[in-house]
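Paired with chain B in one complex and with chain C in the other, chain A is shared by the two complexes that follow.
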Partner chain A sequence: MSGLKLGRLRSMLGGALHPAVRPLAEQATRGEIGRREFLRTAAFLGVTAASAKAFIGDLGLVGEAAAQGAPKQGGTLRFACSVMEMKDPALVTWAEPSNLYRNSLEFLAEVDADNVTQPYLAEGWKPSDDLKTWTFKLRPGVKWSNGDDFTVEDVEFNFKRWQAPDSKSPNKTSFAMVTKFEKLSDLEFRLTLDRAVLAIPEMLYAYTCPILHRKFDEMGSDWIKNPIGTGPFQMTEYKVSSIAKFKRRDGYWGKPAFLDEIQYIDLGTDIAAHVAALAAGQVDVLYRVTIAEIELVEKLPNVRLLRGKAAQTVVMRMQVDQKPFDDIRVRQAVCLAADNQKMLELAYRNRGVVGENHHVAPFQPEYFKLPPLKRDVAKAKALLAEAGYKDGIDLELVVGNTQGKWEQDASQVLQQALAEAGIRLKLNVMPAAQYWPIWDKVPFGVTFWAHRPLAVMTLDLAYRSGASWNESHFSDKNFDAALDKAMGIVNPRERSQAMEQVEKILQDSCVIVQPFWADKFAAVSAKVNNHRPHPADYFRMDRVWMT
Partner chain B sequence: MKRYIAIKLGEMILVMLAVSFIVHVALELNVGDVAAKVLGQFSTAAQRQVWLKENGYLDPFLVRYFRWLGHFIVGDWGQSLRFRTEVISLIGPRLAATGILAAATLLVTVPIALLLGIAAGVREGSLLDRGITVFSVLTTSIPEFASAVFLSAVFVFWLGLLPGASTMTAGFSPAELVLPVMVLSLYTAGYLARMTRSSMIEAMASPYVRTAMMKGASLPRIVFRHALRNALIAPITVIMLQIPWLLSGVIVVEVFFAYKGFGTLLFEAALNSDIYLIEACAMVGVVVVVVTQLISDMLYTWLNPRISFRDVGRREGGA
Partner chain C sequence: MTVLGVLRRSGPALIGGAVVGVWLACALFAPLLAPYDPLKSYSPLISPGGLSPDGMRFWLGTDLLGRDILSRLIHGARTVVVWAGLATLSAYVVGLAAGLLAGFYRGWVDTVLSFVANTVLSFPVLVLYIVIIVSIGASAANIVIAVTFASAPAIFRIVRALTIDLRSRDFVAAAITQGESDWRIMLVEILPNASGPLVVDVCLRLGYTAITIGVLGFLGLGLPPPTPDWGGMINDGRAMAIAFPHLVVFPCIAISSLMLGLSLLADGLREIANAGPGGGEG
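And now, the complex of A and B:
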């Protein structure tokens, strides 16, 4: 193709570019894929970020506006965030503790606030054409806070630990397909997988995957006692459920952080207290604001509400092997009678994107647009009658409110909508702590699904036959095959086309009512600059500064 | 008296045994939940099983109960699942924090309530009495969660005078104590004032006060020398009953203001099914209730020597 300046693009590992880079660059040149898509896939294919940005800059596709004004050095930032137990970072069960150790511990790759994957402790990587072998090159010159060099030994230690027979880390399941870890040199390693996996770099940014020092277990497997890390800050104080402090450290391999100190202050479970503390100037950043508080936050002086898109959602999922949901007509009736738009409007004040019952978000790279869903109460009634429920049917929906009362609000809107079709829905509302132990056991339940950078990551976990978190027990060979096909395609446009079938099978099988994709909110005092909501709440604080 | 105290302490131990057993039954019916909570909702069944085995959860229920009991008696209160630290080290500071809150609340409440109650009770039916009665009914009938929202709307969001969260992370801060104390005092003061008022009315109508009046004693002398001491028995009971309530029943206020006290500890423990922590909190709760009761019983005898404990233990047998 003439005029295509492929020559600017550089491979992270040196050598030839991945064969998929050329069609990708052509699509970007023709304007068929956006800037983010290009950068994301280029990084994934092992193209250096700098050369990819230069390439996209030549095409005249500019990025988002940079932060206002020149960053200021210094200051202490107080972050309202639950201070949870985190002796072993590979075992934490919530994202909150990871936001503390993310200041000191780093990951091989990073998925940034734009949902684009970037090199981190790994300077680059390159998948084989069949996506079954991944070669990683580590950043040279990285030192641990205790003075040791960061090498491939550290990475090997972590992989072995995650995969050990007695490992209790969720990483054991997520990296079960890694069959071999080979050291190629002090700074290079290769992973061999037993199946093609597209999202290895993204998976390495999961909150349980920080790279720990190779002597972590020898030193007592307690990160609180030995908070050694490669990151820009050093932990100086830690009290569970109270406070944790991190100070900027010298000798960090990257750009030094702007802040002198970050204090994480545990304000308990009541978000009203968090907002009150922000209003009173006791904290500068709130970890999260829910839909219940945003109107109050918007009215506060000297406070900014931050809003971001994220592929986070709730699904009202039906177990396809449980009565009466084993009859697809019942599930179809539920999906036809549900009013996703209304749930978005009433339960989430229209701050999100309506869901399409297939768990792929319009802002995820592989989304394929299907014709819009249409509500049809008459058809729902007819299907129910056909299934033998002429006088309607009684169903029970279990609601755990794991993210807040809006889950229950959405369920109530569903209840009203289903009533029109003769479905009498009973809501069984319980506290989150009671709900989590049974989240995958109830026949009909509301489950919150957190953001994943790629939709196929969620689909692979939640809807593939026999997958570990397949809460709906959905099992369809055609779906699995279609998903496999999509997961083996590197090019985003081709993958998106392959997703048409994946989305359609899931939507037609009526496994979930997926009301909406919920926007993410955070709040900061006006003094805080460059803090951006991250779709998965994985915040990096080294670029944040205060005026 | 000694006998009475011994009986009370014996009762306390029986109650502690019963409570600890009930808590154990309630929490350990489904041990699978415990592993799911510790390892996260996305852990696999095999991983949970290994954890349960390692932590002795697969032993029979009674074995686990008596093992816990044996350890508890010798001061090994177990590890908190949520905090991953010794339970015994968690309780002390939290109890102290709530103690400060309770003491501050009593310091504010008691003088105000007694003053209001006496003022109202001395002249029953006067304008002052009616005003105080309306005020106390109003404050008692507003639950803490409502007054907490209302007071923080005024003092934090509107006037911007007070801090909205009371975590005390930067050390003890009197300003952070103001709102929780205000909420708790509003609630208790009204109740206490009403109790004081009615006992005062009763005392003022008693023969010895009438005699004092007829002898021409001044009103202050009648109130403070004759009526008050007898009128205080009911309010003292209320005050003593407030202490256990202030230690464990202030969960709403502590959680609302993110105050790191005993209430929030119990709340977090319950939310996370943190069994050893809940057990320890329950045991501490029982001790607090029984000890405050003992103290209030002793205060009665000082206030009114006609009350004696020689037969009480035998007659009542309980609280």
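And now, the complex of A and C:
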């Protein structure tokens, strides 16, 4: 790594670099970490995306994909999406309403469609070496749609609101580690945490974290009545279960949006009806297409199927304190007899990446590649016999199909695979509404886990001893310590090394059968450009244009 | 007179009986007739008549999980025949007993049983099925319970009306005079004389129950997977029906043909019953 290039980067940033930047840049130069990991971690460390991209351009790494044709200004885009009831954007419980307010309300940071964290209303941030203090610098010149300046006071208002004793926002728990909010200037603030946290910028892009105007509560706490925002569009109409309209706003701080107007049209919950509406030209973009419709969408003329990687998955998880899963030999037999590759091929038509029973995706930055899992039916039978089930065992798997019938399909393939080892698996399929109240109570159940930018975010929530969503009741001090260690490391390569132990402990404990990482799909009319599936379904529409 | 002899007296009964007979044969000899294991995955989404990569032919194609559709239809016939039969039998046991009691004794027994039956009948049948299955869970036994609960009141009303009519006949009065027990009069004097309309109703009700099992399967409330279930097969394939119509066309044909067969059989039996001994078109 030449001193000249680091010097150039330092001059771009106008100040001192975080100590982790140098080794990181050196690893990027040697090709030990990818471009995406460099951008992501550079962003963690307060290096803006523009600077980092310019910098890696100097390094000769792969550049951005060329833009496809010149963007065209104007047009109205019709987006098939639920128009749900909403008052307080910080309290929404689904991604759909967030995608509506996302046109007007913005966040401090953004995790883009490549799963790379980018500055947004904050133009940069810098963590302390111990990751317990985070200093954010806000973007100057941002104005609210009512003409007010956007300042630290707005951010402070939101943090106080999230953390208030009577707050109903999930942010109250998410940001419980923030012990102090300090205003350093009109455009700078510092967060002090009681523990090291790596993913503060990612957490700030959760759909409950839009930055509301500092007088939101004084104005009645109803965003639909007072749709003030800093974003590129202005909400003009909002009819629950019917339609919502957003018009391009003049005076936006960033590049003006290409579209004149976006209309969100509520077509109900049947995705087949959405596909029919797209085929008939009644809408231009579908919020989501599931694996059940992709063959159909691929056959439609003038429609493009969009596909993206996401760290979304299903796990068949076993509660380690419930019989017979309290005997690790039974869990091992289940994992050894399962055929993850076949579940991917049949239940998800090979449109994803095979799972490795440790809930870390190959496209998440901290992934460490363990030796491939090997199916071993004979060993599974032997383990069952050793555990006292020489004539096989009867198990029941509860399936709620919360994301679609592919969960049941995967379970049926699992059923066939386990049968070879003498495990008689009964599937108890129930409607999603019936499943949700018991999702974390059944001894053996299928759970869908949504995408999170970093694997440690999921592991911390689902497998740490006593964690709030620890549905398997897994508890292992060594795992907790290994996870703590990984979560305190900024450098992705070092973190990935530390993750070896985390992944191995979880995989060896046989807590989950994780068939695959499921790709995401969306569909657009051929005239829609630059709309990409986002791993968390967070769609920014200001860069989308129509031909 | 043999069953075939009876059926030959009516064209519709003969056709209906033949169709129902084919499905009965499938149900009885499913393991012998089905070319493949209905639960095993071979190769997904093979078109009808197509070959798998290892050269196996699938006359009706394979489903999403690579299972042979023909084998699943044949084994599905067993599911429908067994469970529709059991559910109808169970509904008849309850409906017959209650209908005979209400029609024979009248008075408060009739008032109470009629009130219960009318209350159940006031609910839309499909809603009733969904509420019951969602409450007690989807399983073959619970489908029998749901069908019994929803169908018995209708059977009750038919049996009650027939019993009230027959109760006033002279042969019943004679039996009472002879001191026969109430149960004997109901089961030996009244029931056999009510059997004509009830046989027709049984055929129709078997069809309704077959459809019900199909509908519950379609709604995801049917028999738990991987049991071959015609309604469940339609539900599984409907999202992809435009791209792969064979996933739904064949199970639809199966359900429709069984329904049609049972309806024709019921119509034919009605014709035969109305024509009296030795009559009919046939």
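Criterion: the second predicted complex is superposed on the first by the 537 of 547 C-alpha atoms of A that agree within 3 Å, B and C clash if a C-alpha of one lies under 4 Å from a C-alpha of the other, contacts with A are read in each partner's own complex, and residues count from 1 in each chain.
By definition in this document, a contact is a pair of C-beta atoms (placed from the backbone, for glycine too) under 8 Å apart; a residue touches a chain by one contact, two chains touch by 3 or more.
In this text the structure is predicted, and so the values were computed from the model without any measurement.
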Clash or fit (per the criteria above) of chain B with chain C on chain A: fit
Partner chain in contact with A:170 - chain B first, chain C second, else both or neither: first
Partner chain(s) touched by A:149 [first = chain B, second = chain C, both, neither]: neither
Which superposed partner A:405 touches (first chain B, second chain C, both, neither): second
Greater residue coverage of chain A in the superposed arrangement, chain B or chain C: B
Which superposed partner A:468 touches (first chain B, second chain C, both, neither): first
Which superposed partner A:130 touches (first chain B, second chain C, both, neither): neither
Chain B versus chain C as contact partner of A:431, first or second or both or neither: both
Touched partner set for A:272, first chain B, second chain C, both or neither: both
Which superposed partner A:413 touches (first chain B, second chain C, both, neither): second
Angular separation of chain B and chain C about chain A, which is computed from CA centres of the superposed model and rounded to the nearest 10 °: 30
Chain B and chain C, minimum CA distance [Å, superposed model]: 6
Interface residues of chain A shared between complexes with chain B and chain C: 272, 296, 431
Chain A to chain C touching residues, read off their complex: 271-272, 290, 292-293, 295-296, 298-299, 342, 345-347, 349, 401, 405, 408-409, 411-413, 415-416, 426-431, 434
Footprint of chain B on chain A - complex, ascending: 84-85, 87, 91-94, 166-168, 170, 172-173, 240-243, 263, 265-270, 272-280, 282-283, 296, 300, 431, 433, 436-437, 439, 468-469
Footprint of chain A on chain C - complex, ascending: 39-41, 44, 64-66, 134, 137-138, 220-221, 224-226, 235-236, 238-240, 242-244
Interfacial residue positions of chain B with respect to chain A in the complex: 30, 32-33, 36-44, 47, 50-51, 82-85, 149, 152, 156-157, 160, 162-165, 167, 169, 255-258, 260, 264, 267-268, 271-273
